[in-house]
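For clarity, chains are labelled A, B, C and D in written order, and residue numbers in each chain start from 1.
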Amino acid sequence: MDVLASGIGEFRKPDPDGYREYVRTHKERRLVSKVMSEHDAISRFVEDGDYLAYDQNVAVRGPTSLFREIIRQRKKDLWIAAKFTWSDASLLVAGGCVSKIDVGWMATGRLINEAIRKGELKLIDWTNGALAYRHLAGSLGVSFLPMRYLVGTDTFTQSGAKVIEDPFTSQPICLVPALYPDVAIIHVQQCDIYGDARVLGAGVAPMEIAMSSKKLIISTEEIIDHEAIRRQPQRTTIPYYFVDAVVVAPFGCYPGSTPGLYGADIEHWMQFGAAEMQGKTDEYLENWVFSVASHEEMLDKRVGAAKLLKLRQAETVREGYYE
Amino acid sequence: MDVLASGIGEFRKPDPDGYREYVRTHKERRLVSKVMSEHDAISRFVEDGDYLAYDQNVAVRGPTSLFREIIRQRKKDLWIAAKFTWSDASLLVAGGCVSKIDVGWMATGRLINEAIRKGELKLIDWTNGALAYRHLAGSLGVSFLPMRYLVGTDTFTQSGAKVIEDPFTSQPICLVPALYPDVAIIHVQQCDIYGDARVLGAGVAPMEIAMSSKKLIISTEEIIDHEAIRRQPQRTTIPYYFVDAVVVAPFGCYPGSTPGLYGADIEHWMQFGAAEMQGKTDEYLENWVFSVASHEEMLDKRVGAAKLLKLRQAETVREGYYE
Amino acid sequence: MSEQLTFTDVEANICTIAGMIEEDKLYFVQMAGAPLMAVLLAKYMSAPGVGYVVEEGAVAPSPSFPLPRMMVGASRSHYRAVGWYGMNIVDSHAALGFMDYGLLACLQIDKFGNFNSTFIGGTYEQPERRFGGAGGATEIASQCWRTLLMTKLQSRKFVNKVDFVSSPGYLDGTPGARERAGLPANTGPYKVITQEAVFDFHEETHQMRLIAMMPWVTEEEVLSKMEFEPLIADKVERMTLPTEEQLTIIRTEIDPGGLTVSRGEWFTIDRDTDKRVT
Amino acid sequence: MSEQLTFTDVEANICTIAGMIEEDKLYFVQMAGAPLMAVLLAKYMSAPGVGYVVEEGAVAPSPSFPLPRMMVGASRSHYRAVGWYGMNIVDSHAALGFMDYGLLACLQIDKFGNFNSTFIGGTYEQPERRFGGAGGATEIASQCWRTLLMTKLQSRKFVNKVDFVSSPGYLDGTPGARERAGLPANTGPYKVITQEAVFDFHEETHQMRLIAMMPWVTEEEVLSKMEFEPLIADKVERMTLPTEEQLTIIRTEIDPGGLTVSRGEWFTIDRDTDKRVT
């Protein structure tokens, strides 16, 4: 193989056959209920050192209740893919959970900068699209995919991509290694007890991430009947056999928004931003994560019914999602 | 590039940059009506010598009214991809339209065998999945994709695939060249005047074919309002800017079925099969293609209202398609 | 006169395979015809919850019986699936190792389970009889963990050398041959099912091995219907005959038009003796 | 006292770009912020039919105004799209050549249009200030036919050498440099828009070239705000000022919260003389 250039970034060596072996022995093929608490889902399926993937549109439809549970359980040494995200990476860094980030785009600030300075955090640069495409490669069961960009940049140099001579066109072509995360967490609007899940609206790469991750936790705004899934099969984003856990989490991406259901709590983001700037994220975490036992308790004791109603009312669009 | 093995089959050299140039100068970006007759669509967008792609599930949702128009206009020397198809290839061979077939699966009989014997027809073997995957490669704008099968077979040898040493795993990996058809014809249930099209139900690769084909003709059971498309964006299989022509064709895949709308006319298939066995396909074509000016006239004069009603009644499922 | 049971070779295959279907496994089933009917018979009778996918992208459908005559891709065969996708998606599910079993028919097979669905006789360029092509069989036989192959026991089908290797078995049979070619590890043909005999493959040599026969046939009869000589298991089991109930369901619910099951060789079996009458 | 017009540098950029939007072209627009606001302003005022896609997969939306404060991926920004897909799909639309223009913001840019959105100062391993990363800018700047880049005219932004090439311009500027690297042919940065000047790139040398300035600035002033010296067009045009109507629509419909447009440098312009007052 004539490799014309190689990035120097660290990456997990793609191992399609290893993924297959895991699937063969670990994944449930029967229709059995996978509903469990966020506590059980995170403690059973997220391990220290795991590569963790998730899907969201910046602050929209992100699995934030599960991020908080990961912090609550003090998971360590996670490697995450922050593509087209918001302050989730900062939040997880504040919680001491993350040691490596594959970067597409994320909000950065004091926490990220300090963690880099202290040598506690390593960033590996890719792009949003390159990370989504690496998930696509994983979802196709292969070890790499060719693509038409990334080359010519320092981003390429810091990534784990390669350039080869295309055997069909003889031109240089960029190859990115497939990403097979250990575990993915994805928030959806609707899911049945078996894991058949519907993402309503545009999403970065929920299906690709679901397919390429060894373990998959779905958090859902509501459980819908299995027969409802079967009545409209074309709406199913993720079929049951990819899913290991289903967590019921209304307002599960608070303070982010879920299209068709509720708006974002911008004041909350500002509160987090202020805490970060003032070096007070420990207080923030104590208040929003550690001092409450669950997402449900956080909603009840910290957010409150009035705010939740206001956020519901702030979402004026149901068309295309629920209509 | 260390190429470990290469198939000997002929294939169009993938040319992503050539495709891009075509798109840049030829494709309409504005929302303009593309509704036209089947005659105009085929005469404007299908040229002798074109590589023609289409999508169907064996005899389901195939663009048969457009196949008949291609025969009626005596198009020549087409190269087609027959993946997961039915007797369409035989029909086009009977019409003298086809000189090469990339084979996934197709019904074969006297017509195909005779055309091969006479040297009028060349088959190049792939598989259903390999052809769908070659369309996927085209839809991603790249020149090839890696995949985990085809190797170890004579099918590989007769195809245009290659084996290289995977630069990420060091194992042998099969690469298939992207397929960028000159023109594709796709039948859908619903489409607006601009080409925003909905395929209702499972389909082999309608989106991939639409994206990878330079020219695209949609035939549709009905025109729906553009605002209806915008009210449910997640149901749009193909957005307008890929589409060059929209042909209104109720019962457009007769004698095949369209899910949610009408069943197949099995007697018609048997009639075609009998004509083929008896060497009477010229009579068949005269009756069903040449002696009628259009699909509409064929439905009216050859099929008849009673049969159409019967086929509508034979389709008992609307759930998941229209409900 | 004792009671008799009458069925075709295809019906026998469908019933035998239906008896092998495991409810906690996922199946990737070829297009239509006998393989699909086998899984549907199991779903109807013994394994209602079993999940299967078909090439055109329907995942775990619950077809409404009786099935339509031309059922591939039709609404009743995709009825109440949990997902409707496309071919690239379900092929990827197989690539990812989710499909425990592939279920396929073939025209010709060799002792290592390599099989042909492309042409018979002549050359590739000028075949005597050209068939439909590899279809989806290659992706299924390459990517599912185990492949169940269905064919008829005839010497022109069990051959020393297939006219064309459309889809891979164990290739040349040597250890690791599939992996060396680039196929996913630890996959391959698992059983070959015919109307009168069932075969598996030896763990090391990967040669086809006779493991079960219908009650009315002898080893010699089986071998007389094969061009190559298979291994013979230490103990060759007796296959179970189709039941009346199975046959009734096939004929009324699974293939009411009889397009698939009414063709081929007919068997009439005396139920007292399990011997073939005609 | 004559009438005055007051606006920010971001507002100036939004208005200038809005004036460049062509209704018969397709746009690939970065996440949010000023680039998206520019296309929305055009859509609101002059090019209602213009189509654009955003990274998370909404194709040709018709957002409902006023827009929400945190709008990326939110329901009102995807409202009445013609399609809702994902990132890989719309990136592929760009790979296939359907996107005429990419519309992006950047932190730092060099004379060949290579730009940085990753870090400023220090080293890659220990940056002084780490930013969000390349995001979707690299795929957009690589795959769209032409890229419109928006930034502020400041010497720390127009630099001899960017701290990190997050996304490609014309690389080293030599003919065919992008193609040799493996990028799609005939693509590249098209214009760079700032609050006081607009640049394009010389056809052969691919060097940045000053082509237009606001009425109140001189060439010397522009050059004083750049670390490198750009080419100067034979005739440097005068840029059009934002209109009252544009500014009103930005402030009431496009960014009613003022999160994006109220930051940065404020300009107050005397409308009689087109000179800057403060």
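Quick note on the criterion: a residue touches a chain if its C-beta (ideal position, glycine included) is under 8 Å from a C-beta of that chain, and two chains touch if they have at least 3 such contacts.
As the structure is a computational prediction, the values presented were derived from the model and not from experiment.
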Assembly fragments, subunit A aside and the remaining chains unmoved: one piece
Chains contacting each of subunit B and subunit D, listed by label: A
Pair exhibiting more inter-chain C-beta contacts, B-C or A-C: B-C
Averaged-CA centre spacing for the pair subunit D and subunit A, given as whole angstrom: 29
Centroid spacing, where centroids are CA-atom means, of subunit C and subunit D in whole angstrom: 60
Distance between chain centroids, defined by C-alpha means - subunit A, subunit C (Å): 41
Contacts with 2+ other chains: residues of subunit A: 16, 140-142, 147-148, 173, 201-202, 231, 233-234, 319-320
Overlap residues in subunit D, where contacts from two or more other chains coincide: 58, 78, 80-81, 84, 88, 95, 143, 184
Chain contact topology (line, ring, star, complete or other): other
All pairs of touching chains, each written as two labels joined by a dash: A-B, A-C, A-D, B-C, B-D
Residues of subunit A that touch subunit C when the two form their complex: 16-17, 19-24, 27, 29-31, 139-142, 196, 211-212, 227, 229-231, 233-234, 236, 239-242
Interface residues, subunit A side, partner subunit B - complex: 1-3, 13-16, 140-148, 162, 164-169, 173, 175, 177-178, 200-202, 231-235, 319-320, 323
Subunit D residues within the subunit B interface of the complex: 23-26, 49, 51, 58-60, 62, 78, 80-84, 88, 92-98, 100, 143, 145, 184-186
Contact set on subunit D toward subunit A in their complex: 31-32, 55-58, 64, 68-70, 72-76, 78-81, 84-88, 91, 95, 114, 118, 124, 126-127, 129-139, 142-143, 164-168, 171, 177-184
Interface residues, subunit A side, partner subunit D - complex: 56-61, 82, 84, 103-108, 112-113, 116-117, 123, 125-130, 132-133, 136, 147-155, 158, 163, 171-174, 201-208, 257, 259-260, 263-264, 266, 269, 315-317, 319-321
